[in-house]
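The chains carry the letters A, B, C, D and E, assigned in the order they are written, with residues numbered from 1 in each.
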Amino acid sequence: MLNVTDLRVYHGPIEAVHGITFQVKPGQCVSLLGPNGAGKTSTLSAITGIARATGTIAFDGTDMGGLPVEARMRRGLAISPEGRRVFANLTVSENLRLGAAMRPEGQAERIARWFDTFPILGERRDQQAGTLSGGEQQMLAIARALMSEPRILLLDEPSLGLAPRIVAQIFAMIETLRQQGMTILLVEQNATQALRLSDYAYLLNNGRIVAEGTAGTLGQSDALMAELTGIG
Amino acid sequence: ADTIKIGLGVPMTGDYAPYSEWQGARCMADMINAKGGVNGMKIEVLIQDSGADTQTAISLAQKFLDEGAVMLGTIPFSDTMIPVAQVAQGYGVSIFQPQSTQVEMHAGIVDNFFTGVSPDPFTATAAANHALSLGVKNVVLMTSDEGGSWSARTPLWFGDVVEAGGGKVLSKLNFSFGTSDWSPQIAEMKALGEQIDAVYISSIMPDIAVLIRQMRSAGIEAYVVGSDGFDDPSLDAIGTDDPAILDKVFFATLAPSHADSAVVRFIAECKEMGIDVPGLFPATGADTVKAVAWAVEQSGSTDPATLAETLRNADSIPVMSVDAISFKETRTYAQRTIPVIGFEGGKRVLISNEIPANTPTDWN
Amino acid sequence: MTLSRAQRRGIVGAALLALILIAIGLAATWFGSRYQLRLVYGAYVNLLVVLALQVFMGNARVTNLSHSAFMGIGAYAAAICVTPEKIKAISLPDAPWGLNAFALDPVSSALIALVLTGLVAWLVGVFIVRLTGIGATIVSLAVLVIVHGLFLYRTDIFKGNQAFFGIPQLFNLTWVVGLAVLVVFITRGFRESRWGVALRASADDEVGAAAMGVDIHRLRLMAWVLSGVLLAVAGIAYAYYLGTISARPFYFNHVFLTLAMLILGGMRTVTGAVLGTFLISFGLEWVRWLETGPVVLGIDLPEALGLSGIVLGGVIVLTMALRPGGLMGDREIEDLILK
Amino acid sequence: MDYVAQQAMNALSFGAEYALLALGLAIVFSIMGLVNFAHGEIIAVGGYTMVAMAALALSNPLIVIGAAVLAAVAGSMLLERVAFRPVRYADPTTGLLTAFGVSIVLQNLFLLLVSPRPIAVTSLYFLDWPVDLGAIRVSSLQLFEALTTAVVIVALMLFLRRTVLGLAMRAASLDFEMVRLSGIRANRVFAMAFAISGLLAGIACVFIMARRGSVDPHLGFDPVLKAFVACVVGGFGSLPGAVLGGFLLGAVEVAMLVMLPQSLGGMTDAFVFGIIAMVLIWRPDGILSPPVEKGDKI
Amino acid sequence: MLELKGLSKSFGGVQAVRDVSMRLAAGQVHGLIGPNGAGKSTLVNLISGLLSHSAGTLTLDGRSLDGMSAARRAECGIARTFQNLRVFPALTVEQNIDVARYTAARAGRGADALVAEAMVQFDLDSRRNSRADALAYGQLRRLEIVRALALAPRVLMLDEPAAGMNEQETQALGRALNWVRGQTDCALLVIDHDLKFIMSLCERITVLNMGAVIAEGTPREVSENRQVIDAYLGEGNDHAA
């Protein structure tokens, strides 16, 4: 579904990712793992078109290079970005409505469904998103992304800065999504959890893929893995 | 020389563009040239936009002088006229300004300077005399420093004459050029609690038109009286739909500009020649050209100093806007009758046209 | 501390600019008509303004709109001091505080003007330097309006839009070229000085600079006052040449014209200021000639009022779209020549 | 008492006009940080359209007003495409200077293509008649303007709260990139912002022309300068701030006009700007935004 | 020599730093760790004066820093780097450093020799005349450190200096910092999430969680602390050096 080939990503003059190749097949959950600054977020930014990049990013077999951000998203991408980036001055339900901009029909039901899934969001539906706690914001960001019923969901460190209890909830939710057949590209620092969920994983360090494999093989064997992610 | 050059570095753009004289000058030159010129020489009017900027105007003056201009025109503001005159002095050239009414220029700062019209105290007095004859007693004066003494002091002279005639200045209100909503000032007028007979203002269009309409709409039926700044076709235009709005408006101006005046006939002739001369001010340039042409003819010379000499000592110089002017007594300005223009049914009428005898004398 | 590399290069750059300025001055004197001499003089006065503007805008990177007001303050201060009593008796009969009862020599008058403008700049600057971005720009706009209001309103001192005349005409092209050379060295010197570098650092990153011990307010104030004083120099050069001043030349039109010059050349460098000034001064002159509808190569062009404005505005828009940093960007003249 | 009420009404109508214009500036500023100095020329576009209508002998007021407002909207959207797209993501100074250039170009185009002289437009005079409100007499224009501004504010609020594009515009002021990541077309958001801004300019144009009765190339400069100041004082980019700033400026201006003793009358503008400058020094980011400590955060 | 007593800071409702007391000693390297949002950077902001604390006191060599501007504190010798780069992009490397050197000179401290040597140690010497925006990310991080050193600081605080560096780079950074320790007697405060790096570099470590100090001690003590394991390290990880 998503085929990335020889991707190089730039921030101004700095090359943050130095030619990586990976793919995500339909229905799979694929993880990008790696330490701080490895280039995970940069990779996602290149896919969404935010960051300047070279190489090919093929979605459903066609290259998206050169397309503006919103055109890419309209092909069926959605992202829950690093740092959550909820629309702070909009209410919770307005955030969700904006999330549904690409697929407005039936949004009311979907919003209601999300309020069932995360009752706390329902309680706060008319509260400004900026005043939510980090965990609530993270739920909102994921729900917002899913409001457009994407074909592939990009998740950038959904567990970042969250209390363990919330983290568990988020991962459970990702698990559910995966079981429902959602295609997911997951970026995580929390390698143990991520590997548990993933069909396949890539390990990034310093802008390069240094290891890859199925969750089982990567998780157990690789010494590098141990060094970079602390999994022993 | 086979041409007589007159240099006009005047504002063709900017706030004062409606009040510059170039179109009339160009048309008059064409008329004279079409009749074979003066003493076999063609008149060439050098025109370039100064954008009302002093530095540009001075550079242009210099340029025209280098090109051999025998007379210069420029924006009627002393901050530009003085340095331009100073530059021209070195060439023996003078400035002929056909519409400058401000008094400073006659204080003897420069002497190579002519203005083809009478100074503001005269226009103020002519307007005041007519107001008094209408039975005006209580007046409000609107002043501004932005137009120099023309907008700051002319209303005061008007007030002086009215008071000398038994009237009373109720209040002086300040305004700025570019005002498009006069409601605060109008509310002040109403708060005076006394019947206002006339409001005097020396300002430019379109501000005046707005004032007139807003006063009427607020129920103040006082006369709106003013000076030459009123004399623009866009004032007449506000009476297109409702001529009555101009009924109680009159102003003292530079030259008769009602239907069938010399100015209006000139404008029509120019139109036939394909030159658009939009109003009195643009037409006045013809005075400059005609006076210069006359001086050349009289003296048989194109030496600028001789021309100035000729103009200064002539008993009567024929110009376009009136039959004749003279600088003999007054040296720098032309003492001439002051037309007071009013409206009837939306059309201009000449109310009076004489040299007021009771003009204040303390202006120099 | 010895001179840094940038400072040494700065001296070379300033010297190169000085040579160009002198060359233009000489060329004008030898080959120019009197009309062209006037134009060139005007261009140099504007150059003084633009250089002064660069000191603050270029180093602190805050858009200033009040510069023409400070030029006016300098011009009026010098004019009031230097104009002979005889003339002031006519022009300023009602002047308060005995302003019309004294006259000083040109040098003392100029010095007083510089000090006075510097003082006013300092007073205003204390407030301006606390603001950043658009807020500072608005307050500078307010300063422009207020000063203009004073010029207009106190006709007893400034004559408003009437002429303040009778100022001795003391300067010629040589003078203004000399001043421009001096000011190029001053502005370039400031840019490369420890203060200039620190100020530019704070414009790049205010927080980073504060953490490195840069007292941003103090430096901005310093640049602001220096800018004010240099604007007074420009004002004096204006008054001492024309002999007549009024409030009008120190208002919006002039503000925008000089701003455009700085933007086109690039506000970050002194070279940009010089380049922009001359390009616009001479370019506009050429366009003004086109405006009159001349005959070019046998084609009689139509009269085109407003062409110069269209060109001026178009140049700004294009510069911003294609080279937001102006023609020079961050490069000074020596960067084009030296390695 | 009547006098005070009268002047208060005047202040309100001054404020309404500034608020209308300031909103037009703020809506563009809030999404792209552009200080649209050329807003005034959009008003002039409306004015010249009225001239054109008169020349075409179309005097039906609805047509005249409709055409003027449409022209303003179209003009504003055109500027977005032609001039402001290249500086869309540039810093505010670049935007400000671009807009300033655009403004000069347009003024001179009017001058070149139409005329440097004011042209009278009388077709809207009918909007202006005296209305007696109890003891005070106001102009119908003042009422229309205050009412229209109120309606516009409400409509704008509804638009910004109810529609997706409105939500996107509000969100864009804080995080434009995330808006695009939600699949909303950037071009639409910008086009919409400029369309609204043009609409507001068009509406303001109707009132300005009805009062002024003439158009010239510099028609928009003064009002937009004031609106610009109002915006900054209210808190640039904040729509409530723009409205507040507009009304504040209107009040200060009328207060200075009527309260300054006549001997200081010439200093009205100076006082107005002085007061505004002091407000800014007190609240550098505008009245509605108290100063915040950022630390090392951007 | 730098002493914090009961320092607190809140932003609106968020209490970012609560009642933190700690002491940095000359010549010592002190680590500061804690989860995201724990208040580490905020603490550094409070010390460097970019934020003003709402309660508590701050003294350097017994002299109170309360109410002193960031610039004044830098003059007094408090230097820092930033988590998000804050170099001056339009200035050259040399000028970036000069900005700090001028401050040091004004305060009567000179560090010219140290800076010259540091340029070599941090591998910036060859780039001294390049504009900072032409530098690579790693070089910029090192530039920030050298620039801070040019203040001839009494206290040097590094906010995540190893972020974005790979293994070798991190090791090189550690060596360079050890060199710094040998050259000056300034107190070093280092924030980083790279525990290996922190544990091997620091003599003492303070752990922040939700704005408050939850542990303080040697690397070993800290890494065995129950609370620290719960809040930050997580179960089953052995990070001791």
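One rule holds for everything that comes next: contacts are C-beta pairs under 8 Å (C-beta built on N, C-alpha and C of every residue); 3 or more make two chains touch, one makes a residue touch a chain.
A quick note: this is a predicted structure, and the numbers were derived from the prediction, not measured.
Separation of chain A from chain E in touch steps, taking the shortest path, is 1. With contact taken as defined at the outset, chain A and chain C are each touched by D, E. Looking at contacts between chains, the pair that accounts for the most C-beta pairs is C-D. Taking each chain's centre as the mean of its C-alpha atoms, chain A lies 75 Å from chain B.
One inter-chain figure worth recording: chain D and chain E are separated by 48 Å, centre to centre, where each centre is the mean of the chain's CA atoms. A straight line joining the Cα centres of chain B and chain C is 35 Å long. The residues of chain B that reach two or more other chains are 12-14, 145, listed in rising order. Along chain C, residues 152-153, 207, 305-306, 308-309 each make contact with two or more other chains.
Residue positions 108, 111, 116, 217, 266, 268-269, 294-296 of chain D are each in touch with at least two other chains.
Going by the touch rule set out above, the chain pairs that meet are A-D, A-E, B-C, B-D, C-D, C-E, D-E. Put simply, chain C touches chain E in their complex at residues 1, 4-6, 194, 197-198, 200-201, 204-205, 207-216, 268, 330.
By the touch criterion given at the top, residues 161, 164, 167-168, 170-171, 173-175, 177-186 of chain D touch chain A in their complex.
Here chain D touches chain C in the complex through residues 35, 83, 86-87, 90-94, 96-98, 100-112, 116, 217, 225, 228-229, 232-233, 236, 264, 266-270, 273-274, 276-277, 280-281, 284-286, 294-296, going by the rule given at the top. Remark: chain E residues 35-37, 133-134, 136-137, 163-167, 193-194, 236-238 touch chain A in the complex. Across the complex, chain C meets chain D through its residues 61, 63, 127, 130-135, 137-139, 141-143, 145-146, 148-150, 152-153, 207, 256, 259-260, 263, 304-310, 312-317, 319-322, 324.
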